[in-house]
Each structure stands twice: as C-alpha cells, then as structure tokens.
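Multiple structures are listed underneath, in structure tokens.
Shared between the two complexes below is subunit A, which has subunit B as its partner in the first and subunit C in the second.
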Partner chain A sequence: MSLLEVNNLRVHGPARELVHGISFSVEPGERLGLVGESGSGKSLTAMSTVGLLAHGLRAEGSVLLGGHQVIGQSDRALVPLRGPVAAVVFQDPRSALDPLMRLGDQLAHPIRRRAKREGRSMSGPQLRAEQLRWLDRVSIADPERILTSWPHEVSGGQRQRIAIAMALACGPRLLIADEPTTALDVTTQAEVLDLLDTLARDEGLALLFISHDLPVVARITDRVIVMQHGRAVEEGPVRQVFTRPRDTYTQGLVAAAQQLEAAVRGMQ
Partner chain B sequence: MKKTTLWIGAILVGINVVIALLTLVWLPYDPTAMSGGRLAAPSWAHWAGTDRLGRDYFTQVMIGARIALTVGVGAALLGGLIGTTLGVLAAFAQRGFDDALAATLDILIAFPTLLLAMLVVAASDGASLGTAILAIGIAMSAIIARLVRILTKRVLAQDYITAARCSGLGWGRIVLVHVLPNIAPTVLVAIALQFGLAVIAEASLSYLGLGAPPPNASWGQLLQSAQSTVFNAPIGVIAPGLALMALVLGINFLADGLRDLLDPERGAA
Partner chain C sequence: MSLISLKDVQFSYGDTPILHGVSLALEQGESLGILGESGSGKSTILRLMLGLTRPDTGVVEADGSVLDTRSRARMQAHRRFVQPVFQDPYTSLDPRMKVRRILTEPHAALDLPGDAEAEAARVLEAGGLPADSLDRYPRAFSGGQRQRIAIARALIARPRVLLADEPVSALDLATKVRVIELLTELSRELTLVLVSHDIAIVAALCPRMIVLQQGRVVEAGKTAAILRAPQHPYTQRLLASLQHMPMESP
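After this line comes the complex of A and B, so read on.
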C-alpha cells in the first residue's frame, strides 16, 4: 500500500480553481520532488495531503494518507494522523519556531507527544537525553547551550535544523519539506540538504520535497513532478526529466538552470 | 535599556496603591465628620484643607485613590478577560461569525463610553462601583478583542503553528502553548494603557454622578463638588486633579516601560 496516494486532487480558492486535478503516489521510503515556479500550486498540493489548507481554500478529490482519507475529514479526525504519519518542514526559518519559547521546550513537545502516543512515560533526565539525541541527529554543535537558547539567538541554519529535529521527533513516515533550504545561504543550504538526505536514509523516511530549485531537487529526490499553473506537466525519474525534458516548460526551466551554471563558470 | 520610565511609572502607581491599601485600615480623619473650619486653606493639620462641610479633604482624596484603582483594576480584568476570549474566538471563527463579531465590536467602539455607562446605570438599580466597572469593562473589551483577533490571526499564520498542527497538536493546546504566550506582551501593554483610560473614564462618570455614590467619594465627584468654590478654595480642584494626573501618568509610564521590557527581541537579550 502506498504511504500517500493522491487521486485527481483539486484545490479551490475563493474565486477560482488553483490546482486542476493532480494524481501521484509516494511509496514508503520514496523521495518525490514537486517542482515549479511560485504560484504553480506545489505548496497547495503538499498542504492538501495533510489537510492543512489555509482558510478559504477547499480541496476535492481523494488523498489517502497512510490508508486514511484526508479530504472532507474534520480537523479533529486528522490530528491523530499527523505526526505519526506525516510531518512538515517549512521555508522560512524565522517563523518555523515559536519566538517566545526556549528551543529545548519546543523540542520537548513533539518528543513528549510521541512518548505519550506510544504509552511510554518521559521523565526529566530521559527527556533531556532524548532532546540531546535529536539535536545530535541534526548535527547541532553545543546542544547543551542550544537547549536553553531562544530562537533569535541562533542562526537561520540552526533554526532550520531544530525545525527538522522537531518534525522528525514526531516519528513520521513521510516528511513534507516545503522549500526547506530556499531561505538559507548556499553553504548552509548544502549542509541542510546533506542532513535531510542522511536522515531520510537512516530513518527510512519517505520525502515529499517541494522546491523551485532544480539542482536541489535533482540532488535529493528520485522522482519528480513538474507543475505549472496548477497542473502536472511532466513526471518521471529525476535523471530522465532533467536530462531529456519532454515538456516545453520543463525544457525552459532546465535551460535556465544551465545558463545560470554556465554564467557562474564563465566568471571563474 | 531605558528603564527610567518604568521606574517613574512604578513609583507613581506604587504610591497610589499604598495609599489605597492604607485607606482600608487607617484614615487621618473620619471622612464624614467635621474636623475643621469650612473651606479651610491647606495646613499641617489638613494637608489639602477642608471642604464646604469642614471635612478633611486629604482623607477624601486618599479614598478617591482606592475607588480609582478598584474601578481601573476591575475594568481591566473584565475587559481583558472578555476581550481576549472574544478575540481568540473571532480569529478561529468561520467567516460569518467573524464578520458579525467585527461589526459588533466596531459599533461598541464607536459608542461613547459615557453613553454606555448611562445605559448600564439605567438598566441596573442605580449608580455604583459595580456599574462603573461593568460599563468601562465592556467598552474596554471591544478594543482588546479587536487587537487580540488580529494578533491571534497573525500568530496562526506562522509556520510553527502549521508545523505544530502537522505534528498532531490540537487547536486547544495550540492556543494555550503558542497563541496566548505570543500575544500576551502586546495585549498586556494594551490592557495597561486601557487601565489608564479606565481611571479617567471613572473620573468622568463620577463627575457626572454615574460613579460610586457618596461617601465613597471618587476624584471625579470631588472635582464636581469643588467646582462651585474653585475661586475661594482652588485646592479643592487641584488636589484630586493632581492625584488623577499622577496616577494616569504613572500607569502610562508603566505601560511604556512594560512594552520595552516585554519586547522579545530586546527584552530577552
């Protein structure tokens, strides 16, 4: 059974349809990329799969997440599905963490929730060990200090690592990453990508990776769907799509990425 | 850090609080008994002179501090509680309820507090401390609710809320864990500023005879009764006026200082 099965998903805005029927599936451990320009509907598609559309947006069609229908379900029914099945990491590391809560406390929330779900009790020293273990998993230096720091005291890259740790601490089988590296500088971006790559492999996570950045998607995913104006214009293994694009829009994207690369080479 | 305003505010409000508490256990004179000549000038025996009936005026101003603070705190608690609840509900509500609530709040804000107070007094047995608190509290709750609604919406739009929901946190917990702590600094400062306005509103109400009835004389009432003798005994207007000004100024300084202190970017560093 697929971990995520999306069938003819449509997203309606207040005035018009924003995603016009998209279908795909993610198998356990598989890494799927959603590529497209801003406004192509890739984030809406991803958020629909966990029933987290913003107010005023409505999804139609069928989304089976871990075998449960998501579309048309009440929020209350979806809460137990989220976390154990899917978790998200977002683009903006500034708004990814609660500014008024110490980092250790924020990290403790998903850890405690997971422990409660699995019927374990989590006491002080155990919780602390778990917190430190997760910070270590996301390669945070000086975890002891980070636990008592405020979000504004650490860098964007560190915040994104903590957001990833919080998402993974829920124990999901699918991680939805919505442009997780876009707001970071290039070196940090590479580090966070490596981290996601390693974590996904070690935890056996499936990945739904959303980005407009072709090289980033090529690096981390196996399969890719190219979206434009709320439609999937091309789909296939990442190597095939980026080396032999069939659709004109994908050809344009690839050509633009190549031009950028060539320009950088030319300057060196 | 600019903490001077916070300290000045704290001292001004502190003096008022101490005096208000003191009046519960000790007064220099019986506020209802004649203790000197009529309209006596300030002296060592009577720091603010005496009123038309020869009662010590300073005692009455001291009692006024208690009335002002009682109404201020009561209205701030009532307004803060109702306002925060309504605001959070509105932020979560479906479009129809949200619009209806927003329109109601706008009407309530446009409605003069004094008129509202008269309605409350008319609807109840008569003017009392309770009616003043109720009227000012309701007026204040509209302003707080509008602020809380917009602040809550802003917090709810943050990624960490969506991430928390995605990790399986229910709405109730999200409000308690994330929303309330994040809106608290701004809401507290707003309530503190409204507290200052509530003290003025109470003075206005009792000036018009819609506040606490005598002998629990509030500053507004003292001002009103001293009005006719303002040229013979100006202290009758100056004393409660100064007291009112000191308290409101102190509250505003305190609110300003609080805002600097509670700013997460500057305060926690």
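After this line comes the complex of A and C, so read on.
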C-alpha cells in the first residue's frame, strides 16, 4: 500500500478552483519533488495531504495518508495521522517556531507526544537525553545552550534544524518539506540539504519535497512532478525530466535553470 | 578615475560593527557584483553608495570627489549619478500611483531636462514594457513587470551607475532570466553594482566581483578568475555549496 495516495485532488478557493485534479502516490522511503513557480499550486497540493489548508480553501477528491482518508475529515480525526504518519517542515523557520517559548520546551512537545502514543513514560532526565539526542541528530553545535535559548537568539539555519528535529521527533514515515531551504543562505542551504538527505536515508523516511529551485530538487529527490497553474504537466525520474523534458512548460523551466548554471560553469 | 569608491570604510549600527575597513572601486563600464550572505554587510555598502548613510570612518567618493551627504546640492546631483533598484517589486512601487506618475515624478523631483512624458515613454521602452502601461496601476502587473517598472524609473535620471539590490531574487525562474537579460542589455550603457547572495546572477551580469564575509572583503577581482580558482576558504565554501542541474548522461 502506498504511504500517500492522492487521487483527483482539487482545491477550491473562494472564487475559483486553484488545483485542478492532481493524482500521485508516494511509496514508503520514496522521495518525490513537487516543482513549479509561484501560484502553480504545489504548496496547496502538499498542504492538502495533511489537511492543513488555510481557511476559505476547500479540498475535494481523495487523499489516503497511511491508508486513512484525509479529505473532509475534522482536525480531531487528523491528529492521529499528523506526526506518526506525516510531519511538515515549512519554508520560514521563524514562523514555524513559537517566539515566546524556549527551544527546548518546543522540542519537548513532540518527544512527549510520541512517548505517550507509544505508552512509554518519560522522566525528566530521559526527556533531556532525548532532546539532546535530537539536537545531535540535526548537527546542532552547543545543544545545552540551544535548549534554553529563544528562537530569536539563534540563526535561521539553526531554527530550521530545530524545526526538522521537531518534525522527526514525531516519528513520521513521510516528511513533507515546503521550500525548507529557500530562506537560507547558500552555505546553510547545502548543509540542511545534506542533513535531510542523511536523515531520510537513516530513518527510511519518504519525502514530499516542494520547491521552485530545480537544482535543489535534483539534489534531494528521485522523482518529480512539474506543476503549472494547478495542473501536473510532467512527471518522471528527476534526472530524466531535467535533462530531457517533454512538456513545453518544463522545457522552458529547465532551459532557464540551465542558462543560470551556464553563467557559472562558463567561467569555471 | 573610479565612478564610486569606498576607502577603508568602517560602519557600525550602535555597538554592532557591520563593516571592518572595506575598500572597493567601481570602474566605468565594469559592472561589479557584491556577493555575500545575510549579515555580510552588502546592503550597508549599497546604502553608503547611495548616500543614505555615512561611514563612521573612511570615505565614500563618487564622480571624482568625496560624497558629502549633508550637502543638498551634492545629494541632488548624486541622485542623478546613481539610481537604485530594490529587491521586492511589490513594495518598491507606490500602489496609489499610475505608472505614468511613477515614471514622471522623478523627472520633476530631480529637476531633469527634457519633456517628462517623452522620457517616461523612453524608459518604458528601455524596460521592455508596452506603451499602454502608463495608464495602469502597479497591481495590474506581475512581479517581473513590476521589476521592469522599477528599473524604468531608475533610468529616468539617465544615471551613470545603477545599484541593484537582489533585483531578481523575488522573481520566478523564467522571469528572472528575462530580467537578467534586460540588465545585461542596460549594462552596455551604464555601470551596474549588483548586490546578491546568488553566484549565478553575479556570474551572469558582472565581469568583476568582491566576496564579502561578515563585513570584510575576503576576495576581489575578475569574476571569471575567482570562479575558476577561488583563493579564500570562504569563497571556496560558497562555490562548493552550489547545487547543480543534472547533466545529460553520455
């Protein structure tokens, strides 16, 4: 059974339809990229799979996440799926973290929830050990200090690492990452991509990776869906799609990305 | 003689040092890329070049003499000499003004010669926008078109130098490439200073570049030479961090 199975998903805005019937599936351990420019519907599609659409937006069709229907369910019904089946990392780590809560306390939430779910008790020293273990997993230097820090006291790269640690501490089988490195500097971006790559491999995670950045998608995913105006225009292995695109729109995107790449390569 | 130069410039915001003795020179016809990550001080350098702020020590020279930001006459002349284009095309245009007013206002404000309407038509064409854009509001345009309007507005003064702060970072890929082509075209007539975190944009537009790290110039020279053989460990790390498109397998 697929971990995620999306069938004829439509997303309606207040005035018009924004995603026009998209279907795809993600198998356990698979890495799928959703690529497209702004307004292509890639984030709406991804957020629909975990029932996280903004108010005023409505999804229709079928989304089976870990075998459970997501469309039309109440938030309460989705709680058991969010975390154990799928967790999300957002673009802006600043808005994903509570500015009024120390980082250690924020990280403690998913750790405690998972322990409770699995019927384990969690003492103070055990919790602390788990917090430090997760910070170590996401390669945070100086974890003791980070635990008592506030979100504004650490860098954007560190915030995103902590957001990733919080998502993974839920123990998900699918990680949905919505432009997770777009707000980061080039060097930090490379580090976070390496980290996601390693973590996904070690944990056997499936990835649904949303980005407008073709080289980044090529770095992290195996298969890609190209979206334009709320439709999937091309789908296939990432290497094939990015070297021999069939669709005209994809051809334009790939040509533009290669033009930028050529500017650097041409000088090297 | 350099168009604009910074000589041993130190700058701090309160107790936070931003620039530690930065020197650089912009030569006529040799567009300069300033590459740096967030917090490197690159936007501060732009503000100094625009005369929006003064160095704590060191000098900024423009058009052959020290830029005295306290002199109204000098700043009026400086605004004709150098014009900025900012990153976000959604906040850099006044939503209440039609494009006509956006493009004619600088003409009056900077006391420029010639007919304002004719000049607006000239820069509209130079920016690659249709003539009927004049009677529309910014909201009628896409991000890429808005950035073209911002570029057109900067061209009204016929500046010698165009300072562009991440001018294509907010744009979609295909739009980005087209605006880069426009800037390439314009850089034949005027000298560009491009501030960016994106090596590809600098490589596409600037024959010379400096690499800025935490308020210090760690590398400077011809872009091709730096990209081919980066000397400073930080530049090497930046280049190694680039993500690449897959190549066609043979």
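Observations
Rule of thumb we're sticking to: the second predicted complex is superposed on the first by the 264 of 268 C-alpha atoms of A that agree within 3 Å, B and C clash if a C-alpha of one lies under 4 Å from a C-alpha of the other, contacts with A are read in each partner's own complex, and residues count from 1 in each chain.
Note that in this section a residue touches a chain if its C-beta (ideal position, glycine included) is under 8 Å from a C-beta of that chain, and two chains touch if they have at least 3 such contacts.
Quick caveat: nothing in here was measured; it's all calculated off a predicted structure.
In the superposition on chain A, A:V238 contacts subunit C only, with no contact to subunit B.
Once the two complexes are overlaid on the shared chain, A:V264 sits against subunit C while remaining clear of subunit B.
By the touch criterion defined above, A:L253 lies against subunit C but remains apart from subunit B after alignment on the C-alpha atoms of chain A. By the touch criterion defined above, A:L195 reaches neither subunit B nor subunit C.
Look at A:L32: by the touch rule set out above, it reaches neither subunit B nor subunit C. In the overlay built on the shared chain, the residue A:A167 is in contact with subunit B alone; subunit C does not reach it.
Subunit A residues in contact with subunit B (one complex) as well as with subunit C (other complex) do not exist.
Interface of subunit B with subunit A (complex): residues 95, 158-160, 162-171, 177-178, 181-182, 264-265, 268-269.
Considering their complex, residues 37-38, 156, 185-191, 193, 212-216, 218-219, 238-239, 242-244, 252-254, 256-261, 263-264, 266-268 of subunit A touch subunit C. Residues 47, 50, 52, 56, 75-76, 79-84, 86-92, 95-101, 106, 109-110, 113, 117, 150, 152-153, 163, 166-167, 170, 176 of subunit A touch subunit B in their complex. Residue ranges of subunit C in contact with subunit A, taken from their complex: 37-38, 143, 172-174, 176-177, 197-201, 203-204, 223-224, 227-228, 237-238, 240-249.
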